[in-house]
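Presented sequentially are two complexes of chain A, the first with chain B as partner and the second with chain C.
What follows is the complex of A and B.
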């Protein structure tokens, strides 16, 4: 009897975990098919997209195959992220921990913060041209903002009782910051990292769509301007897959870095 | 029938050979015009278990915060081994009423936390953590995070963390205030066991008079705000104490009468 209950329950779990998601994907593919068949000029069907995918390898766009374009985009994002993480977390800690820093850096930051990263594109292109650096800079601007905000907010979450424990045990200011305040903020910092990755991934595509030889954003523009919808679809699906992969890896990383949050 | 503690305690401790460990001298604390602690003076001997009782809102928390140096007293001082108390130099531990385990550390890391700040040798930390885990029956939880434990187990971890420090002075602020009666009885016996085993010097604050009579060698009764010492009382009942015994009840009633201010 008990066994039957359990089996029933695990059957439901299985359906929720695998059945429904697969159903959802099938629904999207079905919608795509239906749309492609009824509007063949607006939307290529999956087979055409697959053929176009193969062609990105046999006849590379701008002398680089699909992987090359993906790595170009990823490289820019990762480079910007490394800087954004270091600078953003340090700034966030300063703003959250020191009232002087909050008054000075925090104020400047509040002014810059509401500007969407895409609005920086014309400024950055005019100042720095269309080489690699301005693109990385744009992604950096888009990624470091959520980090500063989340880190500062996380530092603010620290429980006074935990700081008191550190003080009573004789911890100095640095030990309290490193061993109590920052661990408290880690889950928030990680939320910032997650936002920064998705924001970075969107910003790099926007930057590449405007001016780039290589990169998935450049592929989108290329397909768009050449009325090559299949190429646009190839690029968009690749973007989605890489985005999902990044989110998945971050999830794993978070479980490893913050094992106490379950 | 009730003997006067000052002389009695001195005589008893001369007999046991326990030197004065903690000396509170004319401790006074004002917040602006509000006098909270009024000239408290008393001694605590090494390895003594003292309970402090007083009416609600009499300034017990302020009293404790002055002892831990979270607040600086307005005048007067707390001496540990004849030197002004200093968390960096002395070894003070505190058990708060609310659970204060670090959520990002496992049980064993929580137990080791204060020892690491005090730069105790690694082998010694391991030995003490293991001893506490054994004494408190926490071995099965050593790798758990506080969030995975019940409140009463978490509180035991904090008590263990304090005892692991082998503190000069262990302060406990109604540590069992939030526990139900059964758990409280169990933990009271446990704290007595740890005290006997490890020879700590304990100041235990409570508003539960039965708890005070059950635990203490000596009870310090505080008056209503501004708090001064109303009376000190030596309890030389044999252990384990019988809460239904006639002498026990007599003490309990006596102290209850003393802290009535209405």
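What follows is the complex of A and C.
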């Protein structure tokens, strides 16, 4: 690796070091402008997007402003996550800890596991319609699977010696589970939580794009079907910002919950 | 000594036998519980506990599956055609992203200037969930193969770049210093030390990318397509054929699992050196 930071930088190096990122951003903005000007119907320019953003507040879509749509999506994700965290982690511990449970639940889980959450959308709509519950259920499916996988894998990582030590010191099965196995599996469980949040955020968009009144995914579909590309861009940018924020705050939370992982 | 050896061997054989018996026992429990599940499902449908129109019995689903292999009704393609259409799109986007994403990530991790230039562009693409690309790309390029492959490209590209970048950043500094001492050029070190040591991370990224590209493809086909497994399940819902939907879902899962298994096979061949440490 070129350790630029260690060497004293010459004028040219310093110029490149700060000039290149600025050049990159200019290229992106320039590319956007060029694309928007040459194809005004396919791509709105940044100014139009900004105006559309203001208009989501002055003339709300479906009687709800942009924050309302964002909160509708976030609320669905949060509700599904609460259930998925409890049920997914418990199920993961059961599958990872007891071979009987693994044989009974794990076999059925293995069949469901490779089906992407998005592929559940049609059948869930057939079963439960397009109310609030089926959307939360879809997000639940999307968040539940990575949690079970990660929790079970984390439990499997526990060193056999630590369990034996626990046994020698007279711990019963429950104590060993609570005081040795689960703390060891915590980083892996947390990785599952992180995956579940990003997967939930994707699934809620898909569910809303196919059938919803409120939510950011519904905004995307509405703009798309109404040839209102500026609205699509507003929704996509909001989605990206919230997604980035979720990932960032989970990283911070992970450092706080299990500081022993790097 | 010889006696001890024999005793040990006997013990070992006993232990191995017990392991094998345990494995068989749990395999049996697994199979039995799966069978019980299917039987319960079948009974629930036959006794009218579940509605046959929205949840067909396993036997009916199996019949539909066999039927769908040759019969293009109702969505106009046989199951094989649909699988082929989906695979064609997802694999073309997937491989394009591998070819571009991995070298890009490796370069970004190795050369500071490449990082400074490419990082801002990448950070703009990164947080957009793959599904949110669908409407934009469809408006730009229509619903053809190229448009869907581009959506898959974005999906695959992000984890490939991130993992290649992180992988090469984690190269052991000692190895780099040794190569420098032996007079290797920077590019030679990159090629012979950096890339191999990044490979496990790269493969982890590819694995993530494969899963998410397959699920994004299903979404793309559900929103805009005229063939493919995603189209098939969406069409099945529109004509209220739950059996078609469930056959489609299971096929999607099966093909996804098959792709993951293939990748694991390739990974094992590629990373042989890593297991013999």
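Note that in this section the second predicted complex is superposed on the first by the 232 of 262 C-alpha atoms of A that agree within 3 Å, B and C clash if a C-alpha of one lies under 4 Å from a C-alpha of the other, contacts with A are read in each partner's own complex, and residues count from 1 in each chain.
The criterion applied here is as follows: a contact is a pair of C-beta atoms (placed from the backbone, for glycine too) under 8 Å apart; a residue touches a chain by one contact, two chains touch by 3 or more.
What you see is a predicted model, and the numbers here were worked out from it, not measured in a lab.
Using the contact criterion defined above for the overlaid structures, shared-chain residue A:20 touches chain C, although it does not reach chain B. In the superposition on chain A, A:103 contacts chain C only, with no contact to chain B. For chain A, the partner that touches more of its residues is C, with chain B and chain C as the two candidates.
Contacts of A:166 after superposition: chain B is touched, whereas chain C is not reached. Contact with neither chain B nor chain C is seen for A:10 once the two complexes are overlaid on the shared chain. Of the two partner chains placed by superposition, A:249 touches none, neither chain B nor chain C. Listing the residues of chain C that touch chain A in their complex gives 22, 26-27, 29-31, 33-34, 37, 54-55, 110-113, 116-121, 124, 126-132, 134-136, 138-140, 169, 171, 176, 186, 211, 214-216, 218-219, 222-223, 230, 233-234, 236-237, 240, 242, 245-246, 248-250, 252-254, 256-257, 260.
The touching residues of chain A, counted against chain C in their complex, run 1-2, 4, 16-17, 20-21, 23-25, 27-28, 42-43, 99-100, 102-108, 111-123, 125-127, 198, 201-202, 205-206, 209-210, 220-221, 223-224, 229, 232-233, 235-236, 239-241, 243-244, 247. Across the complex, chain B is touched by residues 159, 161-162, 164-172, 175, 179-180, 183-184, 186, 258-262 of chain A.
Residues of chain B touching chain A in their complex: 68-70, 87-94, 96, 98, 100, 102-105, 113-114, 117-118, 145-148, 165.
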